[in-house]
Amino acid sequence: MAKNKYNQAVWSKRIKKKPSLLFQEIGSSIDVDKRLFREDIMGSLAHIEMLNKQKIITSKIKNKISKGLNKIEKEILKKKFLFNKKYEDIHMNIEKRLFQLIGDDAGFIHTARSRNDQVITDFKLWTKSSTKKLDKKLNKLIKTILKIAKHNVKIIMPGFTHLKNAQPVSLAHYLLAYVEMFQRDKKRFFNNLESLNENPLGVAALSGTSFNIDRFYTTKKLGFKKPTNNSIDTVADRDFVLDFLYAVSVCSLHISRIAEELIIWNSDGFNLITLQAKDLSQQLI
Amino acid sequence: MAKNKYNQAVWSKRIKKKPSLLFQEIGSSIDVDKRLFREDIMGSLAHIEMLNKQKIITSKIKNKISKGLNKIEKEILKKKFLFNKKYEDIHMNIEKRLFQLIGDDAGFIHTARSRNDQVITDFKLWTKSSTKKLDKKLNKLIKTILKIAKHNVKIIMPGFTHLKNAQPVSLAHYLLAYVEMFQRDKKRFFNNLESLNENPLGVAALSGTSFNIDRFYTTKKLGFKKPTNNSIDTVADRDFVLDFLYAVSVCSLHISRIAEELIIWNSDGFNLITLQAKDLSQQLI
Amino acid sequence: MAKNKYNQAVWSKRIKKKPSLLFQEIGSSIDVDKRLFREDIMGSLAHIEMLNKQKIITSKIKNKISKGLNKIEKEILKKKFLFNKKYEDIHMNIEKRLFQLIGDDAGFIHTARSRNDQVITDFKLWTKSSTKKLDKKLNKLIKTILKIAKHNVKIIMPGFTHLKNAQPVSLAHYLLAYVEMFQRDKKRFFNNLESLNENPLGVAALSGTSFNIDRFYTTKKLGFKKPTNNSIDTVADRDFVLDFLYAVSVCSLHISRIAEELIIWNSDGFNLITLQAKDLSQQLI
Amino acid sequence: MAKNKYNQAVWSKRIKKKPSLLFQEIGSSIDVDKRLFREDIMGSLAHIEMLNKQKIITSKIKNKISKGLNKIEKEILKKKFLFNKKYEDIHMNIEKRLFQLIGDDAGFIHTARSRNDQVITDFKLWTKSSTKKLDKKLNKLIKTILKIAKHNVKIIMPGFTHLKNAQPVSLAHYLLAYVEMFQRDKKRFFNNLESLNENPLGVAALSGTSFNIDRFYTTKKLGFKKPTNNSIDTVADRDFVLDFLYAVSVCSLHISRIAEELIIWNSDGFNLITLQAKDLSQQLI
C-alpha cells in the first residue's frame, strides 16, 4: 500500500533537494482548483465505499476516512480550512489534512486509485454540475425572452441589413431569433453530457489496477451512467472540457450580439428603446 | 420582378462610380466559394421547381432556366467556365452566365429569393456533404485501427507518464484509445447534422417573402428535414459552420497526437517501431 | 464640479431602479483590477498636484485628498481595506473610501479627469511595471543559461531532426539557441515601451477638458516620456495590452519548448539527463 | 556530392514502397508556397555564386546552374511551368526541373546547403518583401486620411460613448485617431525587420556545414544585414512569421474598426455620411 508522508511533495521520492519557492508558486493550482472540493470529497467517499464493499479495506477504516472527509468538507464550507500552496492542488490539500486528522490510514484512499483518475473524476463531476447550472440559466433566459416576445407581437420595428432599414419586422419575431440561438446553445451543452456521464474512476494511472474494484458501483454512486471504455484514452481525455468551453464561447457570442444590438437600439441615432435596469420587459410591453 | 443587368455589380444602383480594382479584389470571394457550384445550382433548381409548382413562374420559364443551369454545371465540370472576379462570388458568376445564356428570364431565379438565403442554403448543403465525407473517412480510420489492434493484442509496450516508463500495456489497448477519440469526433460531426438538416431557403433577405412559396417542397427536394423556424435567426446563423470547424479542430488534435506519438516511437531514443509508408499495419502484425 | 454621492453606482443618475445582484456580479471587476491599486493612487496624486499647480484646486484641498489617498494605500497594504463588489472596480472602491474619509472634497479628483483616462493611465503604469519585471526575469534566465552553456562546451549530444539522430552538437550550442529566443522576447517587450511611455492622462472622456491642465507635468511626475497625441485614439487604445500579451505568449512558447525538450531528454528512451530540482546547472557541468 | 534522382521523393531512400495518393495530397504544399518562387531562385543563385567564389564549385557549373534557374524563373513568369504535387513544394519543384534542364550538376545546389536553411531563407525574403509592401500601403492610407482630415477641421460631429452622444469633436480629430493607430501598425512591422534582416542561409540542416562557406557574402548578396547567430535556433525559428502575422492581425482590427464606424455613420439611424465608392474624400470636404 502506498503512503505519502504528509509533509512531503508527491515527487519527493525522486528529487531530494527542496524546490525553490518560485517552483512551488508555478506548480500550485490550488487557487483555481479549490472550487473542486465538493467533487473531490464526493469521489473519495464513493471510492472507499466501493473498496469496503469489495473487501479491499475494512469497514473500520472506511468509517474513519469517511468521518475525516466529512469534517474537512465542513471546515472548507465554514472557511476554516487552510489551503496551502505547498500541497499544490485541492486533491493533495485534502489528503494532507486527512493524514493530520486520522493518521496513516488516510493513505488507503489511494488504494486502487491514482491521482490521475481522481483528478478527471473531480473535473467531470464539476463540469457536469456547471453544465446543469448553465442549462437552467438558459431556460430562464429563454422563458424571459418568450414572455417579452408575447407582449410585443404587434410592435413593428425596422429590420436592418448593414444597419440600413430593410424590412419592417415584429419585435416579437426579432426576439424569437434569440430563442433559436439559445436553444442551439442548450443542445451544445446537452450533447456533452454523453461524455460527462462516463465514469473515469478506476482507470488508475493509465492502465487500471490489479485490485478487484467495481467500477459499476462508483458509477452509480457518483451519478454517472457507465464506466469509460479505455483507460489510456480516459486518463488523457479532456475533450469534455473543450466541448464545454466551446459551448460557453458560442453562447457568449450570442449574448454579446444581443448586448450590441441593445446598445445600437439605445443609441442617440436609433433611439428605439430606453434602457432601465430590470425593466426592459415591462417597458417593452 | 427584379432584374440585374448582367454587366453590373449588385450594389450598382446605389453607388454610381466604378469601384477601384483594389476594391474588386477585396470584395471578391470567387476563388474560395467556387467550390460551392454544385450546391448553388442544386438550390436554384429546387427553387424554380417550387416557383413553378406554386404557379409563380410558368413551366416554360422554369425549363429555360433549368436547361441553362444544367449547361453551366457541365461547363464548370469540363473546366470551360470562366470565373470572373468582377462578379464577386459563385452565385453572381452563375447568375451572370445564366443571363448570357437565356436572357432576362434569368432574373426569375430571384423571385421570392434573396442572395441571403441562397448563400446560406449553398453553405449548409456543402457543409452537410463535407460532414458526410469526413464521417466516412473516420469510419475507415477506425476500421483500420481496429484491424491493427486485433493483430496486436499480445504485443506488450511501455505505457508512459511524462515519457517515463510507467506500466506495461498491450499495443491493442493503446490503439483502442484512439478509437474512443475518433468515435467522439464522429459524434461531434453527427450532432451538427440537426442544424444542417434545417432548410434556410425561403427566409429571403431577413423576413421572408410575400410570395406564396412552399418551403416544405424545397426542404424535401434538397434533402433537408424541415424548414428553419425563424427568418431573422436563419439569415445570420453561421453556428453550423462554427460547429463544423470546431469538430474538425478537435479531430485534428487527435490526429496530431497519434502523429506525435509515432514520431516518438520511431525516434532513435525509443526505437519501438520502424516506419514504412502504407505498411504500418502489416509491420505491426 | 462633479460629485458622486458615495453610496451610489456611477450610472445611478440615468437608471433609477436598483440593479439585480446578478448584474452587480457581472459588472464588477474588482477581483481582477484591485491589483492596480498602487497605480490608481499614484495617478490620482499626480493629477491633484497638477490641478493645484494650475490653480484649479487649492493647496488645502490637494493636501486633504493626498492625505486621504495615502491612508487608503496603507489600508490596502495592511489588508485592512474592504473591497466592495458594489463599487465595481478599483477606481470606484478607492473613490468611495476617499469620500468616507474626507467628505465631498473627494469629488475634486474628477475635476478635469474622467474615469476613462484614469483607467488607461492605471493600466499603462501597471503594464509598464510588469514589463520591467519580466525583463529582469528574462535577464536572469539568459544569464543562467549562459553560465550552464559555458560549462558544457565540450559535452556532445545528438542534434535531432524529427527526433532521429541527425548531427552531433555541443550542449552549449544547443542551450545558446534559447539565448537567441529569449533575446528576441526581450526585444518584443522593449518595443512596447514606446507606447507605454506615452501619458494618456488628460484626454478625459474622449475629447479633453476645458480646464487649463498641464499634461507635461503629470507626464514627468508619472515617469512617462510624453503625452499621447490624440484623445480619441488614446481613450480606446488597448494596443499596448495586446502587444504585452503577445510578447508573453511567444515567450511562453519558448519556455514550453525547452520544457518539452527536457522531458524528452529525461525520458527512459533518451535518458540524456537526470532531473534534480534547482540543480540542473551543476548536474550538467 | 549529394544527388537526387529527379523522379524520386526526398525520403525515398528510407521508405521503399510508393506512398498512397492521399499521402501525396497531404504532404504537398506547392499550392501555397509556389508564390515563393522568386525568393527560392534568388537564394539559390546567391548560394552558388558564393560556392564558386569559395572555390567549392567551378565557374562552369555555377554558370550552368545559373542559366537553368533563370530559364525556370522565366517559365514560371510566363505560366509555362508545370507545378507538380508529387514534388511537394516550390523548392523540390524547381530542383526537379533543374535536373531535367541541366542534368546531375543540378545536385550541386545542395552542396553545403540543406532544404532546411533554404526554406527559411525563402520565407524570410518573402516576409520582408511583404512587410515592405504593406508598409507602403499604410503610408498611402495615412496620407489619404491626413488629406481628408485637413479638409474637415471645421466639420463638427458627435463623439460617442457607447453610441450615446457625448462631446462634439472635429471630424479631423476623429480621423487623426486612425493615423495614430496606423502609425503604431507601421512600427510593429518595422520592429520585425531586425529579425528579417538576419540571414539564415548557411546553418544547413541544424548545425552548419564542414564546407568553407562565406555567410557574409550571401548576406550581402541577398540584402540581409548580418548572418544569424545560432544554427539550432535559426533552423526552427519562425518568430518572424508570428510577428508578421500578429502585426497583420492588429492592423486588421484597426481597419475593421474604421469600417464598422463608417457603417454606423452611414446607418439610417445616424445618417452622418453618404457612401460613394472612391469618393469618400471629396464628399467629406
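Points to keep in mind about this one:
We just call them A, B, C and D in the order they show up, numbering each chain from 1.
Criterion: a residue touches a chain if its C-beta (ideal position, glycine included) is under 8 Å from a C-beta of that chain, and two chains touch if they have at least 3 such contacts.
Keep in mind that this is a model prediction, so the values were computed, not measured.
Distances between chain centres, each the mean of the C-alpha atoms, put A farthest from subunit D.
Interface residue usage between subunit A and subunit D, two copies of one sequence, is largely shared: over half of the residue numbers at the contact are used by both copies. Here the CA centre of subunit C is 34 Å from the CA centre of subunit D. The geometric centre of subunit A is 44 Å away from that of subunit D, both derived from CA atoms.
Counting partners per residue, subunit A has no residue that reaches two or more other chains.
Across the complex, subunit D is touched by residues 158, 160, 162-165, 263-264, 266-271 of subunit A.
Residues 159, 161, 166-169, 173-174, 176-181, 184, 187-188, 191, 194-195, 205-207, 228-234, 236-237, 239, 242-243, 246, 250 of subunit B are the ones that touch subunit A when the two sit in their complex.
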